[in-house]
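After this come two complexes, each holding chain A, first together with chain B and then together with chain C.
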Partner chain A sequence: MNLSEFKEGVFIRWKIVKANTMYSLQESVAYTANNWGSLASTFIFMVTFLIFVTAIYGNVKSIAGYSYSEMLVFVFIAQVNYYLTWGFSLPNVVKLGRGVKTGELDMYLTKPIPHLWFVTFRKIDLALLFSNAFPSLIPLIYLLIKNYNLQIGFGNFILGVTMIIFGQIFLHCFQFILLLGAFWSGEARGFELLAYQLGNYNEPIPFEGYPANFRNWGFVILPVIFHTALTASYLLGKTANLSLFLLVLGATIIALLVKNFVWKLALRQYSSASS
Partner chain B sequence: MYNLAMLKIYRESVAAGFVQVTNYRSEIWLAILAKVFQVFLLILFWSVVSKTSQIKFEIGELISYFFIANAVQVLVDGEALRFARLLTEEIKNGTVSSYLLRPINAPVFLYTRFLGNQGLIIIISLALTVFGFFVYFQGNLIKILLFILTVFFALLSAFGLNLIVGSFSFWTTESKGIKHVVSHVIRIFGGSLIPITFFPDRIKLLILATPFPSFAYIPGILIRGGITSEIVFGIFSAFVWSFLLLFFGFWLWKKGVKQYESVGI
Partner chain C sequence: METIEVTNLTKVYKVAKRDGGFIKNLFIPSYREVLAVDKINFSIKAGESVAFLGPNGAGKTTTLKMLTGLIYPTAGDISVLGFTPTDRKREFLSDIALVMGNKNSLSWDLTAKQNLSLFISMYKTSEGTSWKIIREMAEMLEVNSLFDTQIRKMSLGQRLKFELIAAIFHKPAILFLDEPTIGLDIISKRKIRQFLRHINETEKTTIILTSHEMADIERVCDRVIVINQGKIVFDGSMTLLTNKYKDKKYFDVILKKRVDKDKLERFGKIVYSHNLSYTFEVSREKQGEAISKIISKLPVEDIDIKPTPLDEIIEDLFSR
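Showing the complex of A and B:
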């Protein structure tokens, strides 16, 4: 590949991201009622989840060494990850699975574009981040400020942000690879449920709460350990294990390679619904 | 004679729904796997709470409670509100018209088809409930009968609640937001995520007066100890709510149908 081809490749990819972002924005704005419903849903989720956490801490002082304010930080990280997943990754993975089932994918495969890039960035929901994420996080931020008694160093903060970025990439690859199962089974809904269940959290289990041997490799089947539990642990200075940090970074790179490989494999397996 | 013919139609509707679902076997199995995973994580969370705090649980009791609470909640459709989603889809797409034109009770007909569709999930939920009973059960025949009674009331309440949420689609077209709101509330106040005993006494009493604990908490605590005032109050509350929700559900449906407009009618 020479320089001009490389430049053209980057240019096409940039154009795809830009066009998809604009389209996603228009799509989200078009359904105002849906947005209100969605906001009400996420806001109520946040409030009920905070009731859940507060009710538990009304009976206990700490969970796996996490005080109430540390647990609120944990929940905050989990929420940030939730919105990033729904803003950039999961809708694309879901659309891919459904596209396989309905045969919609055929149309994209006939276009002269980088297909894997296109299906990865088909929907970039910035509206969700602005209209849902910020308002629904208000009760959590209020409780965090009210109960804040932590010292988070700059180094830990940078480590935490790095972990979120890599955790999101790993999670995306994990869910994407899982949904590629639809190429073989022809059904996507079950894979969607599983991808959501394994990738996001329902219970705030701190990293230190997992069984010892599960802490090192558990994230391979349960990415929530990586993007939320381990991130919180690094951010709060509860973990300073460098080898674990390198392990998860290495795993992210491997996950990207595996995603690429399984995508090619799935395309070879793909028999179009419309052909 | 008419009633018998109706029963036959509803029975056939269940069978048709069940046949339909056998086409999507992988979907069902993966959904079950996801649910089992969720319950295991829940058990892990509470065992972490038990190990690292002052509150102590017996692991058998913990497994049993969460398996039964979550299985019953799925069994009666008291969390995901799948039936409400089905109603929303039917109303949104206009396909509900074909049921409204027939001489049948449309919500009941749709519900029987839905039950058939959920056949495999119902069977697995029952199996998980039985598993929960085998792991830890301190009781007698009366408690088993009370369990069945609670589940029955929960089923009626959940049907009513689904009908109410689904009927909103006659006015809003899209009731996904309302459905999610109700789901979140049930998740916390139903007891499938956190036993209601964790709430302060006054709030606990308030929660027990809602229909939600009958979906998970009351069936979950029936496995242990004696018949407490909490259980009696919970079952009585479920009994009252099943009537109220059913009545309001059908009333709202009728109201919705009156103002429903569809292309082709």
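Showing the complex of A and C:
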């Protein structure tokens, strides 16, 4: 690949992300009543969950070594991950699975675009982030400010943010590879449910709550664990272990390579639903 | 110059068998092989307009999907515009377009304009040039007042016209169409056929079309490839196809009053009758004699002589 091809590749990818972001935004705001419905659902969940956490901390001072304010930070990270997954990874993998089943994917595979990039970034739901995430996070942010008594160092902050990014990429690759099963089976509903389950599993247990052996044996690279539990642990300075960081970095790179490889295999398998 | 060259193209699908019992099917499914396309060979020149014809399951859509690179052939070679379609090279995909009558590429929740903006971003053509071409096409297809309408609020015909515009505004060298007029009303069908003919003649776009609508084929295509059970049973011009069946003529006759069927059958084989309208099938060498007898001995209101209808030719080819 020469420099001009590289530049062209970057340019078309940028154009796709820009166009898909706009396209997703327009799609999401096409039905305003629906947006109010989903905002109510996330707001109710947030309030009830905070009542639950506050009630527990009314009786104990710490859970798995996490004080009330640390637990609020953990819940905040879990929520950020939840919205990132719902706004980016899940809609794309679900669309992909359904596109394979209906044959809708045909219409994109015949366009002159980088196809893996396109199906990865087909839906970038900024509307969800603005209309659902921010309002429903307000009660949590209020409690965080009211009870804040933590010192988070700059290094820990950077490690935490990096972990979120790696975690999102890793979880997305995992969900994406799962949904690629549709290319072989022709149906993706079962894989979809599993992808949803993985996307939702980020609230219950802080990293330090897992058994020590479990943490040391590398189970941390399960996608559902490191994007929230390990992020919170690094951010709050409870983990300073760089070998875990390297493990996560390696796992993320491998996940990207596997995603690319399985995608190529899946395209060879594609039978295109009959018309 | 050959735009498409196909040699010994074969496609075998693996289809799950449901004969091993519930538990076995659930965990260890077994498969049977279905031969969809069987060692076919053909080539298509730039600017040609070709129809793939065949009964359901004949292999025509599978062939189309292999030509566009959507599915991999089991065996054989394909060259389209000098590319192997399954390589999905950007240069190749920039020069083809695919429209499927029963698949949507446009989002239902967006307006036509919003949808088209996304498609414009996929091609190298400048935004200004693309919109100019889009507006011209929309005018020809009479949907220029619908740019700001949501796709889901459009009729099937209007939607399909925008699908067509979204597929070809970048002026591809080859346009693949899979049943483009399925489910449309007569006016929309006619408009789309005229449009396809127009771009074939003016832009020299190569058109490859599959359809069960004989009128689509007659109006849009010059050449027909008939596929049955995965094999090519006819490949030639529309004229050659109809000439092969020149030995028969059809007389559409409208009578002034009712005549006994026994008496009518003396003039030729009746292939259709409704009220006072009859269609007679007569061999070509006897057509002169038959027509003079019909006019002199029957109370004829109107008479029309036709060649063998394309439907009947195709039906005959399918049954071979």
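Here is the rule we use: the second predicted complex is superposed on the first by the 264 of 275 C-alpha atoms of A that agree within 3 Å, B and C clash if a C-alpha of one lies under 4 Å from a C-alpha of the other, contacts with A are read in each partner's own complex, and residues count from 1 in each chain.
To be clear about the criterion, contacts are C-beta pairs under 8 Å (C-beta built on N, C-alpha and C of every residue); 3 or more make two chains touch, one makes a residue touch a chain.
What you see is a predicted model, and the numbers here were worked out from it, not measured in a lab.
With the C-alpha superposition on chain A as described, chain C and chain B fit side by side in the combined arrangement.
Of the two partner chains, chain C is the only one touched by A:E104; chain B is not.
Shared-chain residue A:P112: touches chain C; no touch with chain B. Which of chain B and chain C touches more residues of chain A: that partner is B. By the touch criterion defined above, A:K15 lies against chain C but remains apart from chain B after alignment on the C-alpha atoms of chain A. Once the two complexes are laid over each other on the shared chain, residue contacts for A:A55 go to chain B alone; chain C is not touched. Note on the superposed arrangement: chain B and chain C approach each other to a least C-alpha distance of 7 Å.
Residue overlap on chain A between the chain B contacts of one complex and the chain C contacts of the other covers 31. Interface residues of chain A, counted against chain B in their complex, comprise 31, 33-34, 36-41, 44-45, 48-49, 51-52, 55-56, 58-65, 185, 187, 189-191, 193-194, 196-198, 202-206, 209-210. By the touch criterion given at the top, residues 12, 15-16, 18-20, 22-23, 26-27, 30-31, 102-104, 106-113, 115, 268, 270-272, 274-275 of chain A touch chain C in their complex. Those residues of chain B whose C-beta lies close enough to touch chain A in the complex are 24, 26-31, 33-35, 37-38, 41-42, 44-45, 48-49, 52-55, 172-178, 180-181, 184-185, 187-189, 193-194, 198-200. By the touch criterion stated above, chain C contacts chain A in their complex at residues 13, 61, 65, 68-72, 88, 90-94, 96-98, 100-105, 107, 109-110, 114, 117-119, 121-123, 150, 178-179.
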